[in-house]
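First chain written, first letter: the chains are A, B, C, D, E and F, and each begins at residue 1.
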Amino acid sequence: MKKHYLQEPEWSWNLPGEQPPTYVHHWVQQLRNTNNTPDMILYGAPISRSSISVSGASLYPTEFRRLWKNFATYNLDEDVDLIPYNVADAGDVSMHTTDILLSHQRIQESTTYLVENYPNTTTCMIGGDHSTTACAVRGIKEAYPEETIGILQLDTHLDVRDPKELGPANGTPIRQLIDGDIVKGEHVINIGLHGYFNAKPLIDYAKEHKIQMVTIKQARKKGLIKTIQKALNDLSSKVDRIYVTVDMDVLDISLAPGVPASTPGGMTTIELFDSLLEIGRHPVVNHIDFVCLDPSKDSAVAETVKTGVYAWLQFVTGRILQD
Amino acid sequence: MKKHYLQEPEWSWNLPGEQPPTYVHHWVQQLRNTNNTPDMILYGAPISRSSISVSGASLYPTEFRRLWKNFATYNLDEDVDLIPYNVADAGDVSMHTTDILLSHQRIQESTTYLVENYPNTTTCMIGGDHSTTACAVRGIKEAYPEETIGILQLDTHLDVRDPKELGPANGTPIRQLIDGDIVKGEHVINIGLHGYFNAKPLIDYAKEHKIQMVTIKQARKKGLIKTIQKALNDLSSKVDRIYVTVDMDVLDISLAPGVPASTPGGMTTIELFDSLLEIGRHPVVNHIDFVCLDPSKDSAVAETVKTGVYAWLQFVTGRILQD
Amino acid sequence: MKKHYLQEPEWSWNLPGEQPPTYVHHWVQQLRNTNNTPDMILYGAPISRSSISVSGASLYPTEFRRLWKNFATYNLDEDVDLIPYNVADAGDVSMHTTDILLSHQRIQESTTYLVENYPNTTTCMIGGDHSTTACAVRGIKEAYPEETIGILQLDTHLDVRDPKELGPANGTPIRQLIDGDIVKGEHVINIGLHGYFNAKPLIDYAKEHKIQMVTIKQARKKGLIKTIQKALNDLSSKVDRIYVTVDMDVLDISLAPGVPASTPGGMTTIELFDSLLEIGRHPVVNHIDFVCLDPSKDSAVAETVKTGVYAWLQFVTGRILQD
Amino acid sequence: MKKHYLQEPEWSWNLPGEQPPTYVHHWVQQLRNTNNTPDMILYGAPISRSSISVSGASLYPTEFRRLWKNFATYNLDEDVDLIPYNVADAGDVSMHTTDILLSHQRIQESTTYLVENYPNTTTCMIGGDHSTTACAVRGIKEAYPEETIGILQLDTHLDVRDPKELGPANGTPIRQLIDGDIVKGEHVINIGLHGYFNAKPLIDYAKEHKIQMVTIKQARKKGLIKTIQKALNDLSSKVDRIYVTVDMDVLDISLAPGVPASTPGGMTTIELFDSLLEIGRHPVVNHIDFVCLDPSKDSAVAETVKTGVYAWLQFVTGRILQD
Amino acid sequence: MKKHYLQEPEWSWNLPGEQPPTYVHHWVQQLRNTNNTPDMILYGAPISRSSISVSGASLYPTEFRRLWKNFATYNLDEDVDLIPYNVADAGDVSMHTTDILLSHQRIQESTTYLVENYPNTTTCMIGGDHSTTACAVRGIKEAYPEETIGILQLDTHLDVRDPKELGPANGTPIRQLIDGDIVKGEHVINIGLHGYFNAKPLIDYAKEHKIQMVTIKQARKKGLIKTIQKALNDLSSKVDRIYVTVDMDVLDISLAPGVPASTPGGMTTIELFDSLLEIGRHPVVNHIDFVCLDPSKDSAVAETVKTGVYAWLQFVTGRILQD
Amino acid sequence: MKKHYLQEPEWSWNLPGEQPPTYVHHWVQQLRNTNNTPDMILYGAPISRSSISVSGASLYPTEFRRLWKNFATYNLDEDVDLIPYNVADAGDVSMHTTDILLSHQRIQESTTYLVENYPNTTTCMIGGDHSTTACAVRGIKEAYPEETIGILQLDTHLDVRDPKELGPANGTPIRQLIDGDIVKGEHVINIGLHGYFNAKPLIDYAKEHKIQMVTIKQARKKGLIKTIQKALNDLSSKVDRIYVTVDMDVLDISLAPGVPASTPGGMTTIELFDSLLEIGRHPVVNHIDFVCLDPSKDSAVAETVKTGVYAWLQFVTGRILQD
């Protein structure tokens, strides 16, 4: 069994006593204090020095946890209580200060450790930049080498830049996985593309490898939820498990300034929240990550971090509604 | 007749001379200079030390008036001139520096004074935090003890936290009124709820007291304007007068950062503006307030304060179209 | 032939070598280095001291060019490569430090110079404040005095304040052109009006001169694209060439804080992008400008400048799809 | 013995293991985990709704602790290791949401509890607004009614506004104590006054009650350190114990924007740091507080909070050098 | 006698009743309400479209007055009450929207009007950009053509750029006056120069015209106050009246970000305050202005505007101490 | 002879024609266009992914050059024209996206290339984070293996964290050089240390290796310039060449927010400017760098970047005065 590099999460809350918890920070448990098999394991991958542009996404796991106390454990839209769903926090993968390859290796091994030890648990990785997705998927593949993995990507970018040129940077994870025979191009669906943010050679690569590109415009025309459903159904007919990766830069710049390369013309938060509810409902989705959220770019009201927590809770709500 | 604590408003504009005014700061008159009965009386309730979290909502009445000069007295969407509608500014209720109960009492008494002396005039209170709503409604009840009052609340929160625990804080006004037998729970309709911002015990209280909870999601499905119309019709069939309270935190964080607890997933400004136009049209709406707008949280372009003025003008337009 | 005052643009990029360019800064050429007749000529009019309120719109041409490197030359929504379309940058019109009339004259003469010398080329002026539009249209009229010019204006404001009172300020260009017999009021269509941002005398002027006023609300009801199409078709049936002027303050304050007088209730970026795609497609549109974008009011993520570049690229895409 | 209302501090750090701690967050211990009598007890008084102007000083105790990890436990200027000095954190006094008098009472009682139980320990209260100083001093007086207390105040303001008018607001603590016969006016020395920030009636009160007013200008002329020494020597010759209160608004606005009423012309951080080193050295100083630091007014680099932590460590260094 | 273009100031305060005023906004009177000859007349010159770079200095007169309520009418450093000194506010000179020459002419004529009608009153002009200084000095010269005027300038820049090239821009006022034979170069002393902010041709011009250039470094070496005294004594031995112009960009960027061209290495606020106290004391100083303060560049705490008000009050204190 | 990885600088200015340049951007030449041996060569090392905390110091070389146009080529304090001194810009070392070791190697080789080819030219490296200093010094050592190198470091930190633990991070350069036998500890002098920003084990290392630690407090006591002189004289008596490294975090947080770990209690800009003038004067100083300036942390007025350009020009002035 794989070694892991998970460190205790950077929080420790006063327990609310005998009453059931009503806020997120009292509801999530530390993994080491959890007796039963959790329904979901959270773990942080706080690295962003692998980002092409300057990024503080390494700060996100801590800020993500810090805002939990602003969120109640009840989804009023769906009239659903989150308390029965067990979420355990495994803490952050310990990163090396400068050795990017070593840090990436640790994310991969920690992921293998978690998916081997908790085979029936949904994993949720909190990045970090998008390079971490390649590590996590490789880690899953190592645990389940016989299974095929499909990827549903919500992203403004294809992330198929050439690792031979850039190394394992945040612009390359999908190409790393395709060129490394971990995932097939035809098992990757990207929803959220738009505008002028992918150079032609990348689009050529995507077409050549049959990555399914769905622009926001196309998704809106068909209905975003239907598009998500169709994507998940397509994937689940072809693969054994689905990994969902949410690059927060899929959101419009006015809603999510806290990403390294924010753009106009992106997805709305409502669309993201609805998508994640739907994704959470799907039984073949086993793994999810949220990446490229740079809290240092937020304004004082922390809009992107709040959106990140909300998005994650929508996925949790979907998990609960799934049953 | 009740004493009042209203002070002159903090503005004094050069009169535009013989030509009719074309901007809001020349159109609104000071109450003490008004000869005829005004159609609407504005008054400020500049208190926010009763807010659970840190709030500068006490600064709003002054900032609200300061931005009037950026707004023309003509609604181009409806092709309607506002000039014929008389708005008088009664100034702000004088607040004690630290005695919250005394300040609240003064808001209540000043409201009683206004509604007794101007029985046919629409009142519009500019908060302050949401605790002021309980004061205003009690003040109206004191003037008209035989009448039943209904509340239409646009809010992300239920505001039914327990005043026994928190005192008369901004999280408690609806519960103060229900527990105090001023308003019945079934006469309260909240539109704008969403997400994870109300803990389960509050939802339990709301259900127990039959508060009608309408999430934004539900309202959008049915049509927000239809939902507003239905709410006002329902209320007007049961109560004698309707008090509308607009907690500006009902708006999405990207549109209204200037509130103490801004959240993603909220109402859009367009939706709020359309709602207020509709609300203004309804004859049984006699009272309105706008609360929890903290100008100090705005960015340099004052987006939330501008939205607050615009929202109020939409209500005024509705009043005019009503006839 | 007219003199011109165009200075080299403030950029000089390393050429990408033998491979075709993949980003905008490698694709746009300097006009003086262009051998063939370009499809579009860009030129800057960096003046904003003619703005009624304080404005840094004079900074926009430089910031516009500086962000080119963040945009790829491929439109993923339309699956269209921009490379075959030739865009040449003529640089900025040289402005006098304090002599506004002289600066305006130079914009006019430089425009005449360009449209006379490149009669089949689309011109795109990057403002500067909205006063520059009057100069550009006069410049075109000087080159083609026999032709009638129609204006499609996307704007929150009518811009028909009285130049007799204000001089050639940014609130007056449309009135300058009507009163100066350059353009007829009935050949001006403004789409994007809303709210309380035009005083009654201006609306009276617009009605008197038969300016077609279309509020965003009306446009949304009919369909914005249909409204644009109808406007362009109406105009093209009456005029010889269409000048499109995009005042960036047509956008909502939450999406475009970087304008001197941002307002709530405005157009969305998606709506603007769709409109410009449609406008670009229309063959009778020969000239366009983008004005009143003040980069100094943007937050650190440069949302309005990015939106400005995106909007321009949408127009370019439309040009390409037109054929 | 008095009841107390102290809650666990909002932090829980991973212990550094067997090696000695090298950063502040590993060095400070929770009071309940401390076996020996600590040299200093920290406690928070997170209230600022008693502030005349809007204040987020209630947020300071949490932010103060959160920045500890940026500070090493070694003072390089003095070549002194802080580790041997035992600092225990008693957590925050539990505040009522709206009942200011009750909250103040709890600060007073908790202070009495601490000074009675730890008679030889230096106490350090982290505010909160300046109203908390009156509570703390009354708490000490209650524990040691026979002793006279002197106050050394570093402040831009006299804080002798009339509690009869304002209640126990942050502008009144010194007057509360003088009018309440807890402290004599002649036992109060204020260093740091300057400019135009105290109205004449307050200066008259101060003169009448023989408060010693030392402007920064005077202190600089004589030498700030000599002025501090003289003040402490004067006080210690007259009183039994000295309470030092540091209102962070004593600092210049360019150095400490994070206070509710920042002013130009204030003390420099170097002057404050030198002063606190000197104050820490003085054996008759038993109690200190740091108040009116509003972290929400800081820019993104948290300059005032960092200055607050640094200032406190200077006092600690002084304590160590004292022996 | 000259026409004037002074408009009522944009404020109107509630009178404090029978008690003497304790804050600045109650102390300053409107000129038209003043019975006796005032000791000082304030007037605003709200123009900044004559600024070379983008400037919001036109906003300063209003912001200057708006902050008065934060300043008491007592100088604690000097133990001096300001109340006996009569300050009257003449309001702002009415500016044309785009006609810079006309606006400049009005400043000049309004200054002539004031100095002719109030020959024994100190005038204090609140800019606006530095171009206004040339207008004011010309206005004084027009009233007293036989008198020689000397200028003491506190500035980072020489402001001797060529008006033939730039027109009457904010970089040219001193050269306008010298080339126009209003003031002799040898009667101009600039204190506050430093660094790399004056191009060589400007320094050559200054040397040629015998402008006395004193760098901050030189002033600090000699003693800034001594330098100021010597400058005033030198000037007063040669000229009939002294005009002092304070370009707020003389201050260091860390203390005064709110100027169009802030620089490191500038004067400190303490130095400026001390200088103005000294300048105020000098009997031959009859006129002063404060220019180039752009409130829109300040951070949320309004540091530069507060510094501007403080600086002005220091000059007032000097006037009082003079007698 | 070594390979180099220098790319053209990201600027290209219009030449000012026949007149001598008066601003920095016209004075500095591109190295490839320089005929004579330049007096100084600038080169950028735009890497900050080797920084321990999140850093945008990689953005500095571009921002440094972009602000040149705000600086004149004349030092008014010293009355010195910079034009005769030849500065050539070699551009930036080309960085790999993720391979830190490779990027470091390129900085080293490019430095070797420059110092071998231009043996009599002063080199000035613009970082990047502080890890680049180790590369540059190793590059010099490679070119001149027989020479001993001394280091004068202006820094808040010792930068002797253990590369065995952190890799070649920005906290380790001095230790890399000492442990790697490139530089002896006794040949390192650090001026600017203060406060609580170096953990005890680092101080122990520094003492053990005889690094000379001079706190700001000590330097101010002795006189900072004397301290600098003494340091340079001491070093020049022991070593063959002196490398000066300026970590911009030596400055106080209020003056230089644009560094990754800004602290209160640091050096003032005036002190830094005076120091660099003195350092520039010293003939044995052959190499300098400016590191750890993160432009993305600056406020809108770019205070730290402006300070960085000013500091570099002070060093240039010193070079000129040296002769």
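Convention: a contact is a pair of C-beta atoms (placed from the backbone, for glycine too) under 8 Å apart; a residue touches a chain by one contact, two chains touch by 3 or more.
Please read all numbers here as calculations on a predicted model, not as lab measurements.
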{"item": "Contact-pair overlap exceeding half with B-C, pair selected from C-E, A-F or A-C", "value": "A-C"}
{"item": "Of all other chains, the one whose Cα centre sits farthest from chain B", "value": "F"}
{"item": "Chain copies touching (chain A, chain F) - same or different residues, decided at half shared", "value": "same"}
{"item": "Label of the chain whose CA centroid is most distant from the centroid of chain C", "value": "D"}
{"item": "Averaged-CA centre spacing for the pair chain E and chain B, given as whole angstrom", "value": "45"}
{"item": "Centre-to-centre distance between chain E and chain D (centres being mean Cα positions), rounded to whole Å", "value": "40"}
{"item": "Overlap residues in chain B, where contacts from two or more other chains coincide", "value": "254, 296, 299-300"}
{"item": "Chain C-facing residues of chain B, complex", "value": "20, 22-24, 70-77, 81, 83, 254-255, 269-270, 273, 299-301, 303, 306-307, 310, 313"}
{"item": "Complex interface listing, chain B residues touching chain A", "value": "193-201, 203, 213, 215, 217, 252-254, 257, 261-265, 297, 299"}
{"item": "Interface residues, chain D side, partner chain B - complex", "value": "48-52, 54-56, 58-59, 96-100, 165-169, 296"}
